[in-house]
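Here you go, one structure.
Labels A, B, C and D are assigned to the chains in the order they are written; within every chain, residues are numbered from 1.
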Amino acid sequence: MFSGIYTPIVTPFNEREEIDYCKMKHNLDRWSETNLDGIVVLGSNGEFVYLTMPEKLELVEFVINNFTADKKIIVGTGCESTRETIELNYIVADLGADAVLVLPPSYFKGSMNDDVLYRHYVDIAEECPVPVMIYNMPKNTGINLPSSLVAKLSQHPNIVGIKDTSGNITQLAELVRDTEDGFSVFAGNAGYLLPALAVGAKGATLALANILPNECCEVVSLFREGKIASAGELQQKLLEPNNLVTAKLGVPALKAALDMLGYQGGIPRRPLRPLSDDDRETVKNALIRFGVLK
Amino acid sequence: MFSGIYTPIVTPFNEREEIDYCKMKHNLDRWSETNLDGIVVLGSNGEFVYLTMPEKLELVEFVINNFTADKKIIVGTGCESTRETIELNYIVADLGADAVLVLPPSYFKGSMNDDVLYRHYVDIAEECPVPVMIYNMPKNTGINLPSSLVAKLSQHPNIVGIKDTSGNITQLAELVRDTEDGFSVFAGNAGYLLPALAVGAKGATLALANILPNECCEVVSLFREGKIASAGELQQKLLEPNNLVTAKLGVPALKAALDMLGYQGGIPRRPLRPLSDDDRETVKNALIRFGVLK
Amino acid sequence: MFSGIYTPIVTPFNEREEIDYCKMKHNLDRWSETNLDGIVVLGSNGEFVYLTMPEKLELVEFVINNFTADKKIIVGTGCESTRETIELNYIVADLGADAVLVLPPSYFKGSMNDDVLYRHYVDIAEECPVPVMIYNMPKNTGINLPSSLVAKLSQHPNIVGIKDTSGNITQLAELVRDTEDGFSVFAGNAGYLLPALAVGAKGATLALANILPNECCEVVSLFREGKIASAGELQQKLLEPNNLVTAKLGVPALKAALDMLGYQGGIPRRPLRPLSDDDRETVKNALIRFGVLK
Amino acid sequence: MFSGIYTPIVTPFNEREEIDYCKMKHNLDRWSETNLDGIVVLGSNGEFVYLTMPEKLELVEFVINNFTADKKIIVGTGCESTRETIELNYIVADLGADAVLVLPPSYFKGSMNDDVLYRHYVDIAEECPVPVMIYNMPKNTGINLPSSLVAKLSQHPNIVGIKDTSGNITQLAELVRDTEDGFSVFAGNAGYLLPALAVGAKGATLALANILPNECCEVVSLFREGKIASAGELQQKLLEPNNLVTAKLGVPALKAALDMLGYQGGIPRRPLRPLSDDDRETVKNALIRFGVLK
């Protein structure tokens, strides 16, 4: 069963926009020493959409070989086609992934009804050598997976959880209520980590945990210890840096923040562009206010 | 300062679609005996959009004269025009309203930028004899009031709170963080009552509290006592009936549920129609499962 | 049967935000001398949402008494409640309106399914002493009336047309195809006047026709004469001023443009604000480029 | 310069979901004999999102080698990353493509502002050996390219046109008005082919032209000959089959229709599923009503 805090790790690129494995190794060593329960490779913040298939495979192999065996590694494998997702699942399972995180196909939005999506996920789960987590990301895909569909999918023994980035906390509570026992409902953004825990989420996969892993874990610990007021205070503190590295400025800001905090973010791949000087200053000031930077 | 649980009371109509004051009196007596902190007249669930101006005034007067003086009465007064809202505020303040709840104008969505909305609310607050609460209801108005705008408005001494029905819990947390001390951030739907409290909301105005007032209040009590697990269980139980009487079946379901529970809901005004038999059965079964009906 | 070009006339207000009947009279006299087929009172551009019921009645009476008998007068009467719309229809028919234009109720968007809307319009048509035109305005109401619903409504003998402001030209073509013979499909914005005529629209109700009535009529004449290239050129020329007085700057720009062109626009009612100096300059330059101002 | 009617050809799959080149050859031969001005390979209707990179290259090579040299071949090459799109452009240009059609990156919607998109397209155009057409497809990508951005891009000598599938006919008219002379504005759906021509579009790329190529071309011919009434009648007739094979039932319906009309559509790739029997009957009846099937 999956629980606790995971982070979708960034993919550092060098000036020629190639994957920088030195920087990746540096970051993996740092994250190994945190309280994180695991990482997600090829997640949204890993800019998986900008990687070619050969790059994806090389990257997954590198991460699995260079990250602590103490923590879990989940790999994002959702492709638009069912068969390509299935093939990629076989490969990453073979490389040693603990689970796969599967974004729904979304290009033909008009055709992606509940029945089509149900069959897509079941076809994938049937053939996947490792457990499948569903990835609901309406902001980027334009498709929301309703709780009724996810509840039905949770009955499949190889579909074990969902990362819900919809930001709809009522839907997240319904997911907890309607899915099978042991199914892991994860929050997908630190903006509502504590609220998600309050309605029964087992954990979260958070972009913010790239830069503030222990602080994100601390919210979970405080909540579990019943220290709800302290958890609430920390949750409020996380809002500002979280907003900057997700909704407001995205991956370029997350990478810039990593650079500021002793990690090595590198630059994003085009069409994304490195942060402007003004935005960099905004991120820096937020980290100073948070107390992790001077 | 406003805190705790309020309910936007329904407006019962008789078979000729006229306001049924007998039924209203019956309900007011019942709500008087609950733990509610107050009620909202002319709220969305009061079908204020279906009432003529003379009906609105008559209704407000009746409610103020027939409800317990122990609890607060807030009146929904938002009109599309600034001047009509101001005039209505004078009248309901004169009738004895404790505060007004002001929906933003929304017909000319393209023109309702932050500056226009800021000036609208300030113009209203300047002339309002009682405190003003902002009413953010994007689902019905098509306009979301961002936390930055509300934070600026909270600096006005006569703007004292907001009912946020956006369902965006991160925005609600930002409202708590960015508005002035003493400003009351209220959740607008029971689907996220506990999450809202967890991030600092002072209360909530809930359609569900028409039919389950004490249960809604109990979530607040449990949270304040630090009984977070019990609060979480009750929150989960509230999801089903809440969904039925709000997002899924709306006012007609709320009125039908009131009828089932000893209140007197009456019928809705057209274009709304009384609940179909099937939907009525669905509501009934949910209330039985909840344990308030046999 | 309704055809040709109508304009939803603005409601001029004086500095105290009261209806300025002198200015209204001045404009009515001007419009009487144009090629317009008729006008719409209490349309969106008439700021009907900012008028009280007594103001609406007084205004309609004034317009009917002061506009040429040669042209048609349609009155916007859509209220949120079915019964209030029905009552208003009786009154304006009694005052002499040639037809009513009925916006759908939209506040409870979640409840406004096709069946509810169908019954709303039929209830209204049954009791309306004059013909009913449907007003589809998704941008402002958040509700689109699909062609299948309108086709069904067109079978009612007292529902005679639709003003479709959706901007979806395929839907407009479907309306022409699917509604009864003699049903008038009207374009709702000058941005697609010629395309609408090309797929069979019988006319249009255009904000732009407040300021450029004859030019709008000219597109219809050229199209009817088969001068498609000339019609296309004029259509292209209309895009810029049309965009300014509708989507981009709205009613305040339309009123400012009226002032520039010898009509009397007056100021808008709050929350709308008079045009800024910069925006006024933009409008002025567009009218100079168009050739109606020096 | 590009003008006239193009069709985004489907990619037939066999029962094992592999590309069926026999069927493809059969179709290419048929399309060669039509009045089409050209075809688009790897368009939306070619299910390009379901093809791996090796499949894409093999398919493009096959089509270029097996289609008549009399007609143009445009290849869809838009990838999420700028560099992958650039690389693919070099390859397909080398294979003999006449132009490339480039969908904008859309996964990180929040970061895809006008500046980022402008630089993306310019970077691509700078390095592309053949002309670039922009592909605006908001329904599938969630991103609309405004006319102001496209106007700016049209100034680049290697950006020669746009396929606009937004369905916003006013925007299409603005594109004609604001882009450079010689820039080709293409309609992206047969639902508004004639309206697009009426406002100056030079052509169209139409899914419907897979099955009704000559009928789509006929609308253009009639329009160019000034036979606007006949063009309008044919346009109206095209609405029903077009709606079925695009918005309503999508690629599976298009493939089924091809099978019915002597082409070889094959099955779609999962997650898409072959048409249900009911839907197949609907398509069949529409083609019978249209007069191309008995």
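The rule is short, and it goes like this: a residue touches a chain if its C-beta (ideal position, glycine included) is under 8 Å from a C-beta of that chain, and two chains touch if they have at least 3 such contacts.
Only a predicted model underlies this, so the values are computations on that prediction, with no experimental measurement involved.
S.K.: Taking each chain's centre as the mean of its CA atoms, which one is most distant from subunit B?
M.R.: D
S.K.: Can you compute the centre-to-centre distance for subunit C and subunit D, using the mean CA position of each chain? Integer Å is fine.
M.R.: From the centre of subunit C to the centre of subunit D is 36 Å.
S.K.: Approximately how many whole Å separate the CA-defined centres of subunit A and subunit C?
M.R.: Computed value for the inter-centroid distance: 49 Å.
S.K.: Could you list each pair of chains that touch, in label order?
M.R.: Here the touching pairs of chains are A-B, A-D, B-C, C-D.
S.K.: Across the complex, what residues on subunit A touch subunit D?
M.R.: Per the stated touch rule, the residues are 17, 44, 49-53, 80-84, 105, 107-112, 116-117, 119-120, 123, 139-140, 142, 247, 250-252, 269-273.
S.K.: Quick one: which bits of subunit B touch subunit A in the complex? Just the residue numbers, please.
M.R.: 167-170, 173-174, 176-177, 189, 191-192, 194-196, 198-200, 223, 226, 228, 231-232, 235-236, 239, 243
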